[in-house]
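So that you can tell them apart, the chains are marked A, B and C in the order they are listed, and the count of residues begins at 1 in each.
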Amino acid sequence: MRLRRLGALAVALLIVASSLALAGCAKSGGASQTSLTVTGSTTVLPIAEVAAEDFQTANPGKRVLVAGVGSSAGIESVSNGTSDIGTSSRDLKPEEKPLGLVDTKIALDAIAVIVNPSNPVSGLTKAQVSEIFQGKIKNWKDVGGPDLEIGLVNRDEASGTREAFSKFVLGTADFDPTAAVLPGTGQVRSVVAQAAGAVGYISLGFVDSTVKALAVDGIPANEKTVADGTYPLWRYLHFFTKGDPKGLAKAYIDYILSADVQNTVVRDAGFLPITEGGK
Amino acid sequence: MQSRERMDKRITNGIALGVIWLAALATVGALGTILLYVVVNGIGQLTPAFIFGWPHGVNMDGGIWPTIQATLYVTALAMLITTPIAVLAAVYLAEYAVQGRLVSTIRFAADSLASVPSIVMGLFGLSLFVEGIGMGFSVLAAALALSFLLLPIIVRTTEESIRAVPKYIRWGSYGLGASKWQTVSRIVLPSALPRITTGVILAAGRAAGETAVVIYTMGTMINAPVSPLDPGRTMPVHLMLMAQEGINMPAAYGTALLLVLMVLGFNLTARYIGRRNRRMQG
Amino acid sequence: MTESRDPRTGEPVPDMCVDDPADAVGAPDPHSDSTLSTISKATYFKEAALRNLFLLCACVAVAGVGLIFLFVGLKGWPIFAKVGIWQFLTGAKWYPTKEFFGILPLIVNSLLAMVGALVLGAPLAIGTAVFLSEVASPKLRELVRPAVELLAGIPSVVYGFFGLVLLRPIIARLFGGLGFGLFTVWLILAVMILPTIAALTEDALRSVPEGIREASYAMGATKWQTIWRVLLPAAKIGIIDAIILGMGRAIGETMAVVMVAGNARVIPDGIFKPFLTLTTVIVMDMPYASGDHRTALFGVAIILFIISMAFVAAIRVISRFGKEMS
């Protein structure tokens, strides 16, 4: 008999759980007549997802479905019509140019090389950065700093930031395999902030007072140098559409380009807004 | 000389006992440090908005309600699936089994399951339930994978509970002409029930804290699962992702504290049931 | 098997001759000439059916092990076929994006992590167990034992989180470097395997008969001499079992390790340098691995499973050996 009571309790728990779920379910959107499919880069994903959520709240009845599969997959799916917008963290390759895609740049991604604030080094050449991250330079004294071992901090291989950094700085060379591999921007930042000899790289938008961003090839890393293109480590984030954007796609893209979204969602994700008259 | 030997003996004894005290102190100290750290840093997050709100924004500001629901749901489902099978298996091992190769194999298998690294169980769940059977990332897939992990634990505690029932109680039952199943179901199991319940609740605590198994079977999508085929993100998974991203540390601390409180809750409930039972029997 | 005790007096209730009285009130005996049976045929079949149902439930465990071999092992098999099991296990380079699938550095790193955790954790655990079993007053016992059980209940991700946010910065400040590495992992793992080893050691110590202790004290031994020369050797088998179980837990731990190890796919050249293990490689690489890389990760998983089964087998062998000796 007590067994039966336990069974009833279990069922009751399930009912309670489900009803709480339905109560919390109020946030999810309902059915819609117009829907938009957005696929592509995992780097752009945070912007696309959050903007989609807010866009749906502001435009009830419209659905925006976002997925992160990779820049190449995104470009391919928008060119063959599987999705309405293809997001990408890279430019079109030469063989992709004739596909008839129209590029709308929606944000700037700049990568800053960061060190501990106590590190007197304030700038490096791109070659030096490359050699440090390949493990060829192992001590700060070899680049004009104190006699301190370099603590190399790398990102995980799934990271878009790592991919971009590798392309900008290393070219075809490999990262030092003995570097620590950390799975998140915030971790890289806090590790560098707390270890005197550490060096790592994060999106410029996430640099705060706990770390110091180095100048690369003499150019300091800040919004102005990124906007005028002098800082070497940057790239655009793209939304590609087949032909000019129109209809719901245009509304969504305009929404993302609006000052409000640019200054909140884009910055929250660690990127920089596309400024008026920027390159 | 005798008195010097006695003194040496006493000095060694004193030092050794001192070391033993230190060991115990270090253990309690470790627990205290971890709990204190989590509580102090997370207590500020325990607002109704955090517990019942939803996360929004790129960095998951807001609340963690969907993760709480996902955790409770998958734990409840896993316990529902495992407990009947585990209890009946334990009944077999404790009451019916004859020592032999079959029982030996079963015990070896149970011990092996108990010591499987949870990430291996996670890949297993991914391979069989998510992809093989095609459930996709779902509460059900996670619950099934978890139930393999919990099975040996519940079998062990249930078997011990059943064996702890004194033999003469059964003999009284058999003496009255009852069959084996009547004895087991009406006398032995009810008598062992409090200890079985303790074991089940402790196992639930383990299930709630699992990360590696759940991440590959339930996914990482923020969702408040309703049907067992819905995906979701549980609290331990959320904690791991927040800690790894490192941007929203307050949310991480809050999740850690809530998780520890949940597990503590399971632990204390189990202990309370156990103590009540002992008091009643004593 | 534990003896049953009278719940009122605590005295052991002796085993009677009939092992299972249920057999005495059992099925109709086909070999007997008597037509008298104590229960009906219907009840007999119902009993048999129930017994088989329970047997089926018990065999779920065996099915589980088989399924794991099937769905993890088979999924990982292609990499063994491609690279060769020997090359996979002894290859010194793990660089899947360049087709290097050697997990030797991972095996070595997992072993290094495990040994250090044991060296730190086992003495602490055994000391705590001795404390609980021999030194503590009942009131203290009520305080410390729940503490050990609570330590066992803390989820591994919370341990990892704690290691990441509190331990790592402290170690970085004290010893230089980034704070990741073997040393940090040893500290965290030691605390994690402590409750496992302590609980089993305490059980082993408690099952040493009280008479042995009394004899030792009667001969004038101090408490420590009794513990060191009499009790611990007597509980040797149980303690070894506990340690092996702790080893299994240490080598299989993922979440706590991945947050404090640093995850560099080499054998570290210092205890404060980042490293990757058999378990953390899976959790780091799975999010983006595809094709051979993914297969290789399943291969690593089945190796992990075999290692943990080996530990279980070792415990059984040692227990049997110990029982034969006594």
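Assume contacts are C-beta pairs under 8 Å (C-beta built on N, C-alpha and C of every residue); 3 or more make two chains touch, one makes a residue touch a chain.
This structure is a prediction, so every number in the text was calculated from the model and none was measured.
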**Prompt:** Counting only C-alpha atoms to place each centre, which chain is farthest from chain C?
**Reply:** A
**Item:** Two chains joined by the most C-beta pairs in contact, as defined above
**Value:** B-C
**Prompt:** At what distance in angstrom does the C-alpha mean of chain B lie from that of chain A?
**Reply:** 37
**Asked** In angstrom, rounded to a whole number, how far apart do the mean CA points of chain B and chain C lie?
**Response** 15
**Cα-centroid distance, chain A relative to chain C, in whole angstrom** = 41
**Message:** Can you list every residue of chain A that touches 2 or more other chains, as numbers and ranges?
**Reply:** 182-183, 187
**Prompt:** Considering chain B alone, which of its residues make contact with at least two other chains?
**Reply:** 243-244, 249
**Request:** Check each residue of chain C and list the ones that touch at least two other chains.
**Result:** 164
**Asked** chain B touches which residues of chain A in the complex?
**Response** 2-3, 6, 10, 13-14, 17-18, 20-22, 24-25, 27, 46-47, 49-50, 53, 182-190, 206, 265, 268-269
**Complete:** Within the complex, chain A is touched by chain B residues 52, 54, 56-59, 65-66, 69, 72-73, 76, 79-80, 189-190, 193, 197, 224-226, 243-249
**Request:** Write out the stretch or stretches of chain C touching chain B in their complex.
**Result:** 1-2, 4-7, 13, 15-16, 21-22, 24-25, 38-39, 43, 46-47, 50-51, 53-55, 57-62, 64-65, 67-68, 71-72, 75, 123-128, 130-132, 135-136, 143-144, 146-151, 153-162, 164-166, 191, 194, 198, 222-225, 227-228, 245, 248-249, 251-255, 259, 279, 282-283, 286, 297-298, 301-302, 304-305, 308-309, 311-313, 315-316
**Request:** Would you pull the chain B residues touching chain C in the complex into a rising list?
**Result:** 9-10, 12-13, 16-17, 19-24, 26-28, 30-31, 34, 37-38, 84-86, 88-89, 91-93, 96-97, 105-106, 108-113, 115-121, 123-124, 127-128, 132, 148, 151-152, 155, 163-168, 170-171, 174-175, 177, 179-181, 183, 202, 205-206, 208-212, 216, 236, 239-240, 243-244, 249, 252, 256, 259-260, 263-264, 266-267, 271, 281-282
**Complete:** Seen from chain C, its contact residues with chain A in the complex are 95, 97, 164, 168-169, 172-173, 176-180, 262-266, 268-269, 273-274, 276, 284-285, 287-288
